[in-house]
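One chain, chain A, links the two complexes that follow: it is found with chain B in the first and with chain C in the second.
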Partner chain A sequence: MNRSTSRIITMAAIAIMMVLPAFAGDYPLQVARNVMMYMALAITWDMLLRSGQISFGLAGLVGLGSYATILAVVRGGMPDWLSILFAGLFSGLVAFGIGFFILRLRHTYFSIVTLALGEIFRIIIHNLHDFTGGPEGIVIQQGVMFGGKSGPLYWLTLAGLGVALAASYWFEKSKFHFALTAIRNNEVSAKTSGVNIFRWLLATFVITSAIQGMIGGIFVQSYGFASPDSVFSADFTLLPMAMALLGGIHSTVGPILGGILLGLVSEWLKLQIPYGHLVVYGLMIIVVILFMPSGLLGIARKAGSRKSTDENQRRAV
Partner chain B sequence: MSKLTTTDLTRRFMGLVAVNKVSFSMDEGEILGIIGPNGAGKTTFINLVSGIIMPTEGKIEYKGRDITYMPAHERARIGIARTYQLIHPLENLSLLENVMVGSIFARGKSLKAARKQAEKLCAELGLENLDRDPSRLTILEVKRMEIAKALSNEPEVLFLDEVMAGLNADETKDLIATVQKIAKERKLAVGVVEHVMGVIRELTHRVIVLEAGELIAEGPYEEVSKNTRVIEAYLGGAA
Partner chain C sequence: MKKTSMVLAALLLLVGGVFAQGTIKIGGIWMLADITGNQGSKAAQLAVEEINAAGGVLGKKLELVVADDEGKADKAAAQVEKLATVDKVEVFLGGMASGAELGKIPAFKKYNRVVMSTGAAGSATVEKALGPSPESDFYFHLHPWDYNQGASYAEGWDAIQKQYPNIQIKKIFLAYEEGAFGKSSWDATKILFGSQSRYTVDGAPFKSAAFGGGDYTAVLEAAKDFKPDLFLWAGYDADALPLLEQSKAMKFSPGIYLGAPPGWPIGFGSSKLSKNVMLYGMWSTALNDTNAQSKKFYNAYVKKFREEPATYFALLAYDAVYILADGIKRAGTTETAALVKALEQTKYASALGETITFKPSNIIKHQGITRQKILQWQDGFQEIIWPFEAATADPVYPFPLWK
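For the complex of A and B:
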């Protein structure tokens, strides 16, 4: 798949999402909101992955952002709009602080620490009973944004996805692309070319974490409720990873493709096997990693290059 | 004027002394050979001066400035570049984009300016079809790309770690001429690690010989090659 095909797919996906509210009812719109949210997380997860760092901290950051928003509203009386931005800012700041320590780790160590950090956030919130509501969670008493109307909430979620898409596109077109690709390939040779590895990783970690926290804020503003079990759900870690892997990593279009496919499948699975759908995601990740490590994009690319080789051979004859 | 100087540079790995009290200097426009048997500490020495590993003892100075513990990416910015024995082209980046990296990060150029600079460097090194994936290059092209990549730092000191390895006689001759040309035009100080003595004889003005981490001889190749200690080092003390 070449660059223009990727752009066409991205544009088509955005166009569909833009016109969807015109003819879809409440239920499809709510499904679409979920898909867009997971897709935004998949894109930001992939952005950090472009440096070679595999984070298992998605749920931790979504949960952190969710609680930043709901506590700012319930305890601090912050306006709804602002509370979503606050979630992004807060998550970004936390990522900046912990990034100084954990971005010196690599591979499995980095992954496990991100997983553990998410768990630490969850336990802290779980135990600060008076402030956070503890395990029972906390409700926005004055109701959710837009009175819970699915139209405006749809646009809000689409805006969140838009931020993730814009950031990812910016990464692809800027020095981030060169820095992260060089780091992923070989850190020693990246240093020799003048890449300040820590600085680029920190910037990437802060930006992606801020967006993940903001998505948490949007989630909470859509449902008006947060509990440790709901906002730190393993879904937030596993589903976006599966989407990016299925679609094809190290790109913007991969998570979009995977997001649409897996998002729709997962909604259907949740209805079919409410308590078993995570098992199916898990199996999907295994199958994808074993049999199609470059995802759907990889398969498309391979088909594309086979075609051009065939053409070359025909021309040679 | 001396560009790069080391004083008693030492690196120990646990009990092993990989580089032991090496003092040397490299001048502007000089091509210096760094030779010695396998395991003599040649690559460790280059790793030390390029900042990939830090010394245990000793001092490194670049244009009179102490850079002993300066991080590698900062050394790239002040003018030290190198190639690697095991070349890892950046996958998912084209040939041209590979050569842009130094301009972008070591020189802080915009992507547009870096692209222009990379095109110039590739033309200078005789590289064509710049949108190719690096995995499609011939071995000679890979070596040329690696040199172009190092030059994109716009260095004053350049280390080439076995850049001729794996090339046939014609290709080697070709690349020797290229290295001589770029070194002369840029007044580069070049440090060359090579196992093929023919290359060292043709290319270098002066050589240093390392054995078991120590500098055992220094001077023009013709002189050093007659040094009994050097001959012993290469023949394992049998001579």
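For the complex of A and C:
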């Protein structure tokens, strides 16, 4: 799949998302909100993956952002919309602080530490009972944003996805792309070429963490509560990873494709098999990861390169 | 012949007319992968079929549309939207996990249709998110809140000590799983048992086997040092047998060994370790001997699904459908204001062995059951010890020393 096809797919997906509220009811809009939320996480997970670093800390940062939002509103009286931006800023700052330590690590070590960080955040929230509500959680007494109306909440989630998409495209178009690809391919040669590895990794980690925290803020403002079990749920790590892997990694369009496909299939399966859909869904993800490791995008790229090779051979003959 | 045909045609028209006026759709939302939701949804379907077989409600058939919330807030919210806008259900029922219920509440408020809730006991979040009357008047909470449960346990143990003077409780130790369920149990226990120095209360958390834990050595050591008269654990079914195994290994035999999981593992009664373990609950098969409604439910459920109802959540869902149907009959409509008014007059003799009415709780206006029961595993069966009016056996005390 070449760049222009990727751009067409992305533009088509954005166009559909923009016009959806005009003709879809509350249920499709709610499903779309869920899909967009996980899609934004999948995109940001992939952005860091482009440097070769696999993070398992998604749920930790979503949880951190969720609590930043709810505590800013409940304890600090911050306006709803500002609390979402605050969640992004807070998560970014925390990522900046811990990035100095953990971005010295690589591969498995980095992955394990990010997984542990998520658990540490959860335990801290869990134990600050008087401030955070502890294991039971905390609710926004005045209710959710926009009175729970589907339309405005849809636009809010789409705005969150828009930020993730814009950041991802910026990464693809700017020096980030070359720096992260160079780091992923060979750190030693990247360093000898003058790439400041730590600086690029730190910037990527801070930006992706800020967006993940902001998505946590949108989750809280959509449902009006945060509890450790809900906002530090492993789903926030595993589903975005599965979406990116299904669609195809190291791109923006891959997580979009995977997000749409997995999100819709999950809902469709639930309607068809209410008592066993999770088993089928789980099996499907396993099969996809086993037999399609490069994702849909990889398959499309292979098909594309085979086609151009055939054409070249035909021309040569 | 002509006359007979005309009578038959009139009858057909009449019968057709009764059910041709459509159905009353009930949206049931549970976590279907969990035994409480799985059996709850089946029990609700059983009640719907029984009511339809008896002529339906207001000349219409009931139709249950089942949805899976997966125990997650975002998925639960999507299911409320689907049931309200696609299936166009007129009332809602179900619920179990507080986290999922919190996801549903904004959508419930938006549609303002009657909700008969069978779970979600977390008052610090769910009851708070619902808010006071009149904004939460559509919500009928059947299951006791956590503070209701705590108060009923305190009442029960006071009554048991009075009735059986050989049972004396001074020190209580609570081992609680570190999540929301365990922590709220601990908070309630500290307040209800520890206040006015009536009892000396201590406790410690543990990681439930349901969430990757399973080593209870630290919490059991703390309990053993404390030498409690009553040892209570609040966790999940996965903790039941490992806790007893490790208690046995550590020779920890308190006077009363009590478990408070939402459901017990299937076949727990056949384990020797279950002998004389006490528990909190709302129902057991022992109730079939004294309560006709319970027996009717049990026999019909086993006949239809070829399995035993393992938790009281099945009976709550079954009762919820009957309460809704009675309310709709009395209101003559499913319109929210009229139905709320009718449901406020509910006096329903439930399969759980008590008459359900709705009264205000700390925040909301419509709270159903407020008491749980104290039971004991005796010879593989759960016998009811308290309330005494529903008791099926005397308590066996003390919990036997490990051999």
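We take it that the second predicted complex is superposed on the first by the 294 of 317 C-alpha atoms of A that agree within 3 Å, B and C clash if a C-alpha of one lies under 4 Å from a C-alpha of the other, contacts with A are read in each partner's own complex, and residues count from 1 in each chain.
The rule we apply is simple: contacts are C-beta pairs under 8 Å (C-beta built on N, C-alpha and C of every residue); 3 or more make two chains touch, one makes a residue touch a chain.
Since the structure is predicted, the reported quantities are computational estimates derived from the model, not experimental observations.
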**Message:** Applying the document's definition of touching, compare chain B and chain C: which contacts more of chain A?
**Reply:** C
**Request:** For A:27, select first, second, both or neither according to whether it touches chain B, chain C, the two together, or no partner.
**Result:** second
**Prompt:** With the two structures laid over each other on chain A, which partner does A:233 touch: chain B (first), chain C (second), both, or neither?
**Reply:** second
**Message:** Is A:149 touching anything from chain B or chain C once the two structures are fitted on A? First, second, both or neither.
**Reply:** second
**Message:** For A:136, using the defined touch cut-off, is the partner it touches chain B, chain C, both, or neither? Pick first, second, both or neither.
**Reply:** second
**Prompt:** Once the shared chain is lined up, is A:223 touching chain B (first), chain C (second), both, or neither of them?
**Reply:** second
**Prompt:** Which of the two partners, first being chain B and second being chain C, lies in contact with A:197: first, second, both, or neither?
**Reply:** first
**Prompt:** Common interface residues of chain A with chain B and chain C?
**Reply:** none
**Prompt:** If you look only at chain A, which of its residues touch chain B in the complex?
**Reply:** 174-175, 178-179, 181-182, 185-186, 188-197, 250
**Message:** Touching residues of chain A toward chain C in the complex: what are they?
**Reply:** 25-27, 29-31, 33-34, 37, 126, 129, 133-139, 141, 143-144, 147-150, 219, 222-225, 227-230, 233, 235, 267, 270, 274-275, 277-278
**Message:** Using the touch definition from the top, list the residues of chain B that touch chain A in their complex.
**Reply:** 50-52, 71-73, 76-77, 81-82, 84, 88-93, 97, 100-102, 104-107, 111, 149-150, 152-153
**Fill in**
Touching chain A in the complex, chain C uses residues 32-33, 38, 66-68, 70, 72-75, 77-78, 81-82, 84-86, 98-99, 102-103, 105-107, 109-110, 122, 124-125, 128-129, 131, 178-180, 182-184
